[in-house]
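Each of the next two complexes has chain A plus one other chain: chain B in the first, chain C in the second.
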Partner chain A sequence: MKPAPFAWEWPASLPALLARLAEATGPVKLIAGGQSLGPMLNLRLVEPDLVLDLTGIEELRQAHIEGGTLVLGACVTHADIEDGRVPDVTGGALQRVASAIAYRPVRNRGTVGGSLTHADPAADWVTALTALGAEVEIAGAMGRRRLPVERFVTGALSVALGPAEVVVAVRVPALPEGAAWGYVKHCAKVGEFAHAIGAVRLEPQAGRGRAVIGAVEGPPVLLADARPLFGGRIDAGFATRFDALAADAILREAGMADAVERHIHVTVLARAVAAAAPVASPTPAARPEAA
Partner chain B sequence: MSAALIEPRTTPTLALALTVNGRPVRVEAEPRSHLGDVLRDGLDLTGTHLGCEHGVCGACTVLLDGEPARACLTFAGACSGASVTTIEGLDGDAIAGELRAAFNREHALQCGYCTPGMMVAARDLVLRLPEADERRIRIGLAGNLCRCTGYAGIVRAVMAVIAERRGRGIPPETGAARALGPVGARTGEAITASPAPHAVAVAATAGPAFMAELGDAFEPAHEFTQSLDLAHPPAAVFAFFGDIEAVAACLPGAVLTARPSADTVEGGLQVRIGPIAATFRGRARITRDEAALTGSVHGAGSDAGGRSATEGRIRYRVSDGPEAGTSRLDLDVGYTLTGPLAQFGRPGLVRDLAGRIAADFSRNLDARLSGGAAPAPAGLNPLRLLLGLVRARFAAWLGRP
Partner chain C sequence: MSGEGVGAPLPRKEDDRLMRGRGQYVGDLRLPGLQDVAFVRSPLAHARIRAIHVPDAYRDRVFTAGDLDGVSPIRAVSGLPGFKASEQPVLATDKVRQVGELVALCVAPTRAEAEDIAASVVLDLEELPAIHDMLAAREPGSPLVHEQWGDNVFLETLVDVNIASALDAPIRVSRTISTGRQCMAPIEGRGTVVHLDHRLDQLVVHTASQMPHIVRNGLSECLGIEQGRIRIVSPDVGGGFGYKAILLAEDVALCWLALRCGRPVRWLEDRREHLTANANCREHHYRITAYAERDGTLRGIDCEATVDSGAYSAYPFSACLEAAQVASILPGPYDFPAYRCRTWSVATNKCPILPYRGVARTGVCFALELVLDAVAREAGIPPEQVREKNLVRPQQMPFENITKKHFDSGDYPQALARALAAIDVAAVRARQKAGEPDGRRIGLGLSVYCEQAAHGTSVYSGWGIPMVPGHEQASARLTPDGGLELRIGAHSHGQGLETTLAQVAHEILGVPVARTRLVHGDTAMTPYSTGSWGSRVMVMAGGAVAAACEELRDRAVRIGAHLLQASPDACRFEGGHVVGPSGDVPLETVARTWYRRPQDLAPDTDPGGLEVTAGYKPVRDSGTFSYAAHAAVVAVDPDLGAVEILDYVIVEDGGTLVNPLVVDGQIYGGLAQGVGTALFEEMRFDGRGQPLASTLADYLLPGAPDVPMARIDHMETPSPYTRFGQKGIGEGGAIAPPAALANAINDALAPLGVEMRHSPVTPRRIVEAMLAAKAPAGIAREAA
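Moving on, here comes the complex of A and B:
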């Protein structure tokens, strides 16, 4: 349970990090809070020669609102979001997701950028940020680029990140007034990785919405147009028209062969729909219940 | 001793400056040492207990810059300059004092192994929870495992302390102002430790191959099926499966090293799940039924050092495809995985990986049957594998890594 030896460096700026990444020859891993990579190092499933610590880079530890979009630095922790130390544009949706990730000691160090880059299909941010329509901002030697989360996560533990690139921020668009957000995960034990996640971001007034079925074997199953789940239209009465058979067919189409698995995921999605309540205002909601 | 278990000769150490229980200390540590080992081995503070060492059990929970964190997931380099409070540092803490009395009263400990971490987590709940809500306390303690007393007494103790303090008019703390980012990590300090050229770890492929007996009574722990449609007639596909070298060339990450008998092969398979790369080396036995167009490959192997082991069986059946001249290949895969890879990997991740390997295999197979050159196997550099073996041999001759 001890990692294989590695060297450790703390670049103090993004240019220094990118330069170091470009010149490194052996296996390199980037670390932020280390709550995903740490277990893999300790189990010696990953044996890098060099670990580059991102937490010394000031830019990655900031959060601000840019024209209605929340820009979270990659090293912002789950606890930072849970405690309301960052601004909010989602009516408390991010806060409620953050407060139920793993355990408080993990949330105090685990980061949103690290969790997304690790891309465990059962991790909360992979599904929640896909549903919220968030983008990942990536920096490399050639400059910066942005990818929607659904194109960033390419498979279980796989992301569209080049060898000399780093995730610098996550950009979360504001939930519009009247939008409904529902997020439910099913865990056998509090704090463990989810067995099923359902997330919906619906705009009954505009008649559109997204739905995501997460904690599947690969990347989350995204319905960028969720209308088929509600008999073809999304309006104020969406909750009463949730079509479990349509959801089941979508999962079957996505390759989920096991009927029991499909049943669990459809049930959890139905609960997310039932829990989807209109977001009152873009200010943070009451403190989440989890501890 | 397997070569992979020998540590490299030179490992750089960090001169770590910490404030531990209010006292500034300097301690030498390897970058890979986690804070739990630094505290226990470097500073003799053995009150911090180590259980699972992968963040699940909570026994090693300490305060890092005043906030609870897992010592086992905080590497030495990650907390340079931080302030650490261990259970030893809570002797004079008012909340910890009240918790100790309540734990005593409620019989909230027995063997005591989980207790230091439990106290740190409980103290955090006493500070943050607005009221003595049993459900929220149970959720808040879910990251600390107790295996003897159970949780009833612990929960009662924490409830009592919260109720008593709120009764005295002490309000909860609501997410005190602090810098964004992981607790314990400093910004803006260009620390340039690890100056020494880092040692090259012995390649993971260096361990001796584990030659398991391949019994007939194999009961796989996990099973799944996979079907591929191929634009080639069944006879051609089945004939292709008779050429094990050709099959291996199409299988990403596979390499054959020996063929001790007509129906047995030895070799390796490198698999990647995200950042995890494991190379299994071992032996496989092949059977074929020419009349039924079916066959099987039954293999077993382990990774370097024998830490993770797998046994698997693939049964294949070739039948007519939907159109003339095409075929359908049905694969029946069963496997058992043990060791750290199994501890980490959930069956779903392995199926996702298997799906991607099958897609590559199918593409390569199609190219091969269409008369194209065998594509370079992705994910494995055979040269590197050989280099790894050569390096290990040298290390063995010289008696050091």
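Moving on, here comes the complex of A and C:
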């Protein structure tokens, strides 16, 4: 379990990185925390000629609030978020998601941009940031562009990123006053990759909301309009009207043929809904975030 | 004495170095000119080798079977009638029989470069149908792992003790029960460094081994060189659990390579090799029927057991140790009058099955304890009643069971009673009845087992495997300043022997534990031993150390008596001193006199001096029987299959405890592994025999939050046959948890019509069973 030979470079600035990406000929990999790429290199699942280390680029490690939107540099670590070293606009939602990612040593090194770009369907940020309506900011030779996370993640381990592009930031919109957030993941053991994730971001006052079913085969299943899960409307009583049959049908349509898988995902989504409910539910939702 | 002898809860001496990162493992060894080895391994489970293409640039760095002049395959033949032998080539010859089998050896200055070379070697393989299901492998027409056998059965055995007498029992419960294939997962993998010592004309083999002397036997046979030319050094070993009791083809290959190239060579197993190519264990399948009276009294047990032995018979324990043991130990701690057990050790295209802590006992305990709970449900009686009705009783001791196992001592019903009291059955039942606010279900599970340990010549000669334990020897030497050196041929890979054997010596000689050193893990410096396996060392090496120290003490008394100008008969040894009628001499003075002032010795002094090698066997060598009752309380989330262990109680009887802290450590560690067996660990294979986990992200081990803080209660019923009454307890912690936890889960889910019968009991399996029990009702409707 030793990687095939590769060159390692450490560009000091974003322009230097983009220039290097533009001129490189063979396969290139970008490394930040290395929590996924490291094992893949060691297992020789990837054999790049060149590895570019992003952690020397100061801009990528910054975080700030810009007009109500939280801008997290791509190299902000899960632990930075967990420990509150970056600002928040989600009422602690990001912090709670971050604190349950894998194990602390992984969180110390793993980055939000790296996790999204790796796009493991079972990773927390892929689902959580989709549910929060976040955008990915991408830099390339032609300048910058933004994509909603759901359009950035195109499949398992697959993202809409050009060969000479890099994710520089994740932009998370503020959770509005009165919005409800619920996030539950199901693992066989603490720290393991999730087998199912449910996330909801609901605005009962505005009557709208998003729901995401994650840790599925491909990209997360997004309901940008979650009303069908609640009998057609989202209001203060949403939790009592969660329609498991509707969720099951959605997963069936999404191609999830295995009834056991569907049962688990629907259960987890139901618990995310219960966790989002303003009053603590007496049902199994009593153990949110780590069912 | 000073409170350091047998029974003292001393912290372990060795932990000072191990916990500070100062342990010395094979991977820490640095030798000038060291070359690293990586292997080209078979990517297929079953294939004929048509060709191996080596790039011209690497012809002098890559070796294949044709290069291994004079090297014999590994053969571990059992003497049991009908056993079919396999020959495990050191490097594959005509075909490969498992994924990960060694095909070529690549050597380079670093492991990374060796892996680059390995990646450049191209194998031309003709894939053959692989057989990875042990039941299918028994069927006629199955692909054959070893064509010349005509079938895939290493060995079939049958025991029948009057099973016909049980058939009219009013309760008859049949179950199919199975255990997943696991990988042992010591923190340190295997590793071997070999160099030549030209001065002694020896191959010096540094290897992480539990049994250096047995490795020397095996290497000598495979390499065809005399034992005197081989020295095995096993330094600190980072966990063994049975995996390091095996001679690997890698070890043989490294020795050949060192002889061939004359330079130090090293192979350090990585986790992928460990998981996919080597450390397999545990996979059993049972069709078991219990016959009982309505009150739970067992009338008989009838069983067909199959063990997936993998492709080859591993050295020295052989391919049939598991299944052959199943037949003899399935009755466990219970007394019943009729029994039949047929077993098959089956060859498949998987890694050889290796003995893992608990060996066959974990599987038989799982099968028997699950079926006892099924009897209880069928009879409508509490599960504890079935055990109470059938456990061997103290007044029967010593007891010979239905398979002629000789139980030395113990009070099994008391262990169960204490466990039931500690877990508070009434309170658990009340909570269960009340229901949980979060919708989870509470379950109570029990499991009782006995662990035959330190079994010796009379038992192993019957199995006829390449290794039969005889007398265990130990050497004890006083140093000129009165310190003590002990030498044993067994090895410590986490058991705390450096502390506990010093305690044994202290009991007799009074030398402070801090001044006693254990020399072990080196064939050049220790007496022959079969090594550390079978929970035997505290009984066997403990007994041998005691015997050597007693002889040393008697010699010291004779020297001391002369110094005191007294008759030896008038002197005694006490508190580290020779005490005579008119004074006393400390052991230090005796030592100084023998080594430094021989002019003060009596003219007729014993020339043997203060260095003794003594041998030991227990009064009976049929083994000690430690035992325990485990009780678990779990909360099960039926919709997601999540299991939380709420409480766990262990009442263990290990005879006289040499060091209760060390025993607790053994139990906790075993429990952690038992939790892994019960809930997490499984190596699955696809239809072509490909292992489906190659990292610890896919092969799930329990983490710290998953292992309960068990409450341990000790009983101490001495063994009548051992030196201090001690019994082997090294494996027990890993035996009972899978059964206790599965029974607890089944107790929780029984009202839903769910009964889990395969370990590990994963969340997915629970949900599957739960949905199957509910069918044909709408699945989605229930989900909310």
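Quick note on the criterion: the second predicted complex is superposed on the first by the 276 of 291 C-alpha atoms of A that agree within 3 Å, B and C clash if a C-alpha of one lies under 4 Å from a C-alpha of the other, contacts with A are read in each partner's own complex, and residues count from 1 in each chain.
In this text, contacts are C-beta pairs under 8 Å (C-beta built on N, C-alpha and C of every residue); 3 or more make two chains touch, one makes a residue touch a chain.
Computed from a predicted structure; not experimentally measured.
Enquirer: Give one of first, second, both or neither to describe whether A:Pro3 is in contact with chain B, with chain C, with both, or with none.
Expert: both
Enquirer: Who does A:Pro121 touch here: chain B (first), chain C (second), both, or neither?
Expert: It touches chain B, and chain C stays clear.
Enquirer: Pick one for A:Arg44: touches chain B only (first), chain C only (second), both, or neither.
Expert: The answer is both, since A:Arg44 touches chain B and chain C.
Enquirer: Regarding the shared-chain residue A:Ala188, is it in contact with chain B (first), chain C (second), both, or neither?
Expert: second
Enquirer: Going by the contact rule set out at the top, does A:Gln205 touch chain B (first), chain C (second), both, or neither?
Expert: A:Gln205 sits against neither chain B nor chain C.
Enquirer: Check whether chain B or chain C contacts more residues of chain A in the superposed model.
Expert: Of chain B and chain C, the partner in contact with more residues of chain A is B.
Enquirer: Based on the superposed arrangement, let me know which partner A:Gly73 touches: chain B (first), chain C (second), both, or neither?
Expert: After superposing on A, A:Gly73 lies in contact with chain B but is clear of chain C.
Enquirer: Is there a shared patch on chain A that both chain B and chain C touch, and which residues make it up?
Expert: On chain A, the residues that contact chain B in one structure and chain C in the other are 1-5, 39, 43-44, 189-191, 193, 287, 291.
Enquirer: State the interface residues of chain A toward chain B in the complex, per the touch definition above.
Expert: Result: residues 1-13, 16, 26, 29, 31-35, 37-47, 49-51, 53, 55-58, 60-63, 73, 75-77, 79-80, 82-86, 102-106, 108-111, 118-119, 121-122, 155-158, 189-191, 193, 216-218, 255, 287, 289-291 of chain A touch chain B.
Enquirer: Which positions of chain C touch chain A when the two form their complex?
Expert: Against chain A, the touching part of chain C is residues 110-112, 115-116, 119, 270-272, 437-440, 637, 639-642, 679-680, 694-695, 697, 700, 702-703, 705-706, 762-764, 767-768, 771, 778-784.
Enquirer: Can you list the chain B residues touching chain A in their complex?
Expert: 7-8, 11-12, 14, 30-34, 37, 52-55, 58, 61, 64, 67-70, 72-78, 80, 121, 124-125, 128-129, 136-140, 142-144, 174-175, 177-194, 196, 198-201, 204, 273-276, 278, 307, 340-341, 343-344, 346, 348-349, 351-353, 355-356
Enquirer: For the complex, which residues does chain A have touching chain C?
Expert: These residues of chain A touch chain C: 1-5, 39, 43-44, 186, 188-193, 195-196, 242-245, 247-249, 259-260, 262-264, 266-268, 270, 282-284, 286-287, 291.
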